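Both complexes below contain chain A, partnered by chain B and then by chain C.
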Partner chain A sequence: MSQWGGTYYSMNFSMAASLSKFLYECIMTINCFVLTTVVCGLVMALSSGRVVGHCRKYLKNELLEAIWTIVPAFLIYLIASMSFYVLYMNGEHKEPTLFHSVITGHQWYWTYQYAMIDEMGKFFGFEHDSYALLNDVPSTSDDDTVLSKGDTYLLDVDAPFVIPQGMPGELLVTSDDVIHSWSVPALGITVDAVPGRLNRSPILASTVGVAYGHCRELCGVNHFMMPICVEIVTPATYLKFMKLEEIEE
Partner chain B sequence: MDRKVKDVLLNWDKSVPEEMMEEYKVEYKFDGVTPQPFDARFTTWNQMRLCWQNFADYQRCIKLKGKTYEPCKWFSNRYLSFCPAKKRNKLHFLVEEDAFASGKRPPPMLLEGDDGHDEH
Partner chain C sequence: MASGLLRVPVILGRRTLVTSVPRLSGVTTTGDEVPVVGIQVPVTEEENSKWLLENNPPAPAKKGRNAHLREKLYTVIGNRDIVGPGVSGFAEYIEAEEFPFPAVRFMEPYPEIMPLLEKEKGDWKNLSIDEKKTLYRYSYRQTLKEEYTPEGLGKRLLIGTLFGLSCTMIYTQITIDYIFPWDPRAARTRQADWQGVHLGKLIAQNTSYTPGDPYWDYDKGEWRK
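After this line comes the complex of A and B, so read on.
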């Protein structure tokens, strides 16, 4: 998870996030190399301008022209090949999906809908809302959006979204009112929630933990207070969680 | 021709040889969960059509075979997994009001004497 005073990306919880980070680091390295080379060349050319005849070296220099055509082309090829690798690795799962979750954006909270079919073919499904913890003191007697010790303001929610670790699943994101965007950087997922559309995104969490995110599309005055909290649990816990909720209903 | 199609569609589960069914069984297993395969009819990122299609199929299935028929559960599981609550409530409302056109009657090819062209 993200930590106080951290200046880098949060910890990865999925292959998609790791690959995105890998791509970022590779492209950043190439960028640094290009920037250094160009700045050095520019400084050399400008500072040696007073020496008579120096700039003639750059005129009709075929070797130099060949180099500054071939090297950038090679760098672009390198970036493109890495981008395509990451793009296609983040696509569909090879395995069939084991669970589905429909995420609905509202002004200004999220609704999570769970669905899973057990080995006997029985359907398990339920839904719950997820509000940010904003209050220090409960406003009403049944108010459960109160911050307790250890909770993070504007990141923790009263009912987090639960997904299993190591099970390929599918998220279906939609909205009931305006456009929202469900985004968790630690899982490498950003899906726009558009009313009338049901956007699909494959998900496969690789480690157990808690990941945080925010709504990424300006959706109204309280856009800042609809955080996303994802709890990644072991498959056995997830199965228990699904069946427990069903019995309670 | 018409009757043949109807027979195949109504008894599809009996018409496929068992060896063939064995061959197409999903091999990927996870304890306690039934995997759901990718639906190649809906390859786009927008899956709203999949939700509607499975709901319509479920309504047609229970119209033809009754609610107790086990394979109809496949469609119901599928639409319950995919439909957002708002859409699902809207579809249920349409069925209750007898206004869901696609689920009201089976597909035209299954209705006898519905299509005059095939009779001669």
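After this line comes the complex of A and C, so read on.
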């Protein structure tokens, strides 16, 4: 989660996000090189005397034309090769997937369905809704959507989505009404939730913690009020969670 | 013919405009006075006709080195002398650093300069500074210094950049001051004690790269005293 005034990537919880960050840094390096070169060239061409003063250097200069054709082509090849690598690495499904979740988007909340088969072959599955915490004062006596002290407005939810650390899993994302998009930048995942279709995405969280995200497809008036909160826990805690056992703080 | 608006010379039965060479007037950047030529004042038709007959621009020379060029290029350059090949051999006045000698002179011969042109054929030591300057302005539009003065493109770029930056900053500050406080539910979250607990949560949840606040007591949940 990025803080106020932050302009850089925040903490990453998966390899996919780290690879995307690496790609961003490489492209920014190339971008800075190109920007500096072009600006210096422009300043040199325009600074001394009249604009036509240095035409002799730039008119019919075949060497310059060759350089500014070949160098950008090479840079584009570099960027493309890196981004193809990241693209296919992020889309790789690690088999076997040890946990499965179905995420359904509604207007304007998320539903998470969990399914797991333990080592004995027993199936565990349940579902819950996830609403944003919006009010600082409870409107009714049993109002769950109240912010506790220290919660983040429009990011914290009443029931976060829980996934285990270090276990490859898969997410199946769909929608009940309109198109939504389940996106958690810290995990490097953005999956469109299209009604009538199941979109599959691999997930592998490498660190324990809490990651936040938002719906990324305009879905109505309260599109901003359906955040995503992912709690990454140890496998032992996840097993207790799936069996609905008591989890020690 | 309307009185005093346009003097159109008649040459060999054809109508030709009086030359399109710009007539400089007033003071240049170097402070020199330039002769003012070609002022049009309201006159009657009779005086206009008389002026036309007296001041009919001379026909292009039928003899001489460039006679064939003068005949062909009269409508383009008027009576200006052709003094060189110029850029690519065309009879144009072009000022450029890499082509310092234009093909034609800048001005047409006018009555006041004829004696100077004769004097120029003699010893140049007899010419005064002002006469030399007049002869220069007859052949060229600008001095080299005037030609090479920068046009201030960098200043324009800076103006645009700073303007955009300042607009962005003003918009951001208006958003922070007036738009963000609009939602009363979020107002409580911007208070110092809430922010302190929030920071402690970020650290405990491993959510963000943050070193924490040295003045916040994370065990007690209050500012250090």
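The rule is short, and it goes like this: the second predicted complex is superposed on the first by the 231 of 249 C-alpha atoms of A that agree within 3 Å, B and C clash if a C-alpha of one lies under 4 Å from a C-alpha of the other, contacts with A are read in each partner's own complex, and residues count from 1 in each chain.
The rule is short, and it goes like this: a residue touches a chain if its C-beta (ideal position, glycine included) is under 8 Å from a C-beta of that chain, and two chains touch if they have at least 3 such contacts.
Computed from a predicted model, the values in this text were never measured in an experiment.
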item: Contacts of A:R197 with chain B and chain C, given as first, second, both or neither; value: first
item: Which of chain B and chain C A:F123 touches, first, second, both or neither; value: first
item: First, second, both or neither for A:I179, with chain B first and chain C second; value: neither
item: First (chain B), second (chain C), both or neither touched by A:T97; value: first
item: Which of chain B and chain C A:M11 touches, first, second, both or neither; value: second
item: Partner chain in contact with A:A159 - chain B first, chain C second, else both or neither; value: neither
item: Touched partner set for A:M82, first chain B, second chain C, both or neither; value: neither
item: Which superposed partner A:V146 touches (first chain B, second chain C, both, neither); value: neither
item: For the chain B and chain A complex, residues of the former touching the latter; value: 26, 28, 30-38, 45-48, 50-51, 73, 76-77, 80-86
item: Touch list for chain A against partner chain C, complex; value: 1-3, 10-11, 43, 46-56, 134-136, 147, 149-154, 207-212
item: Residues of chain A touching chain B in the complex; value: 92, 95-100, 102, 104, 111, 113, 115-119, 121, 123, 125, 127, 167, 172, 174, 176, 196-201, 235, 239
item: Partner chain A, residues of chain C touching it in the complex; value: 96-98, 147-151, 153-154, 185-186, 188-189, 193-194, 197-198, 200-202, 205-210
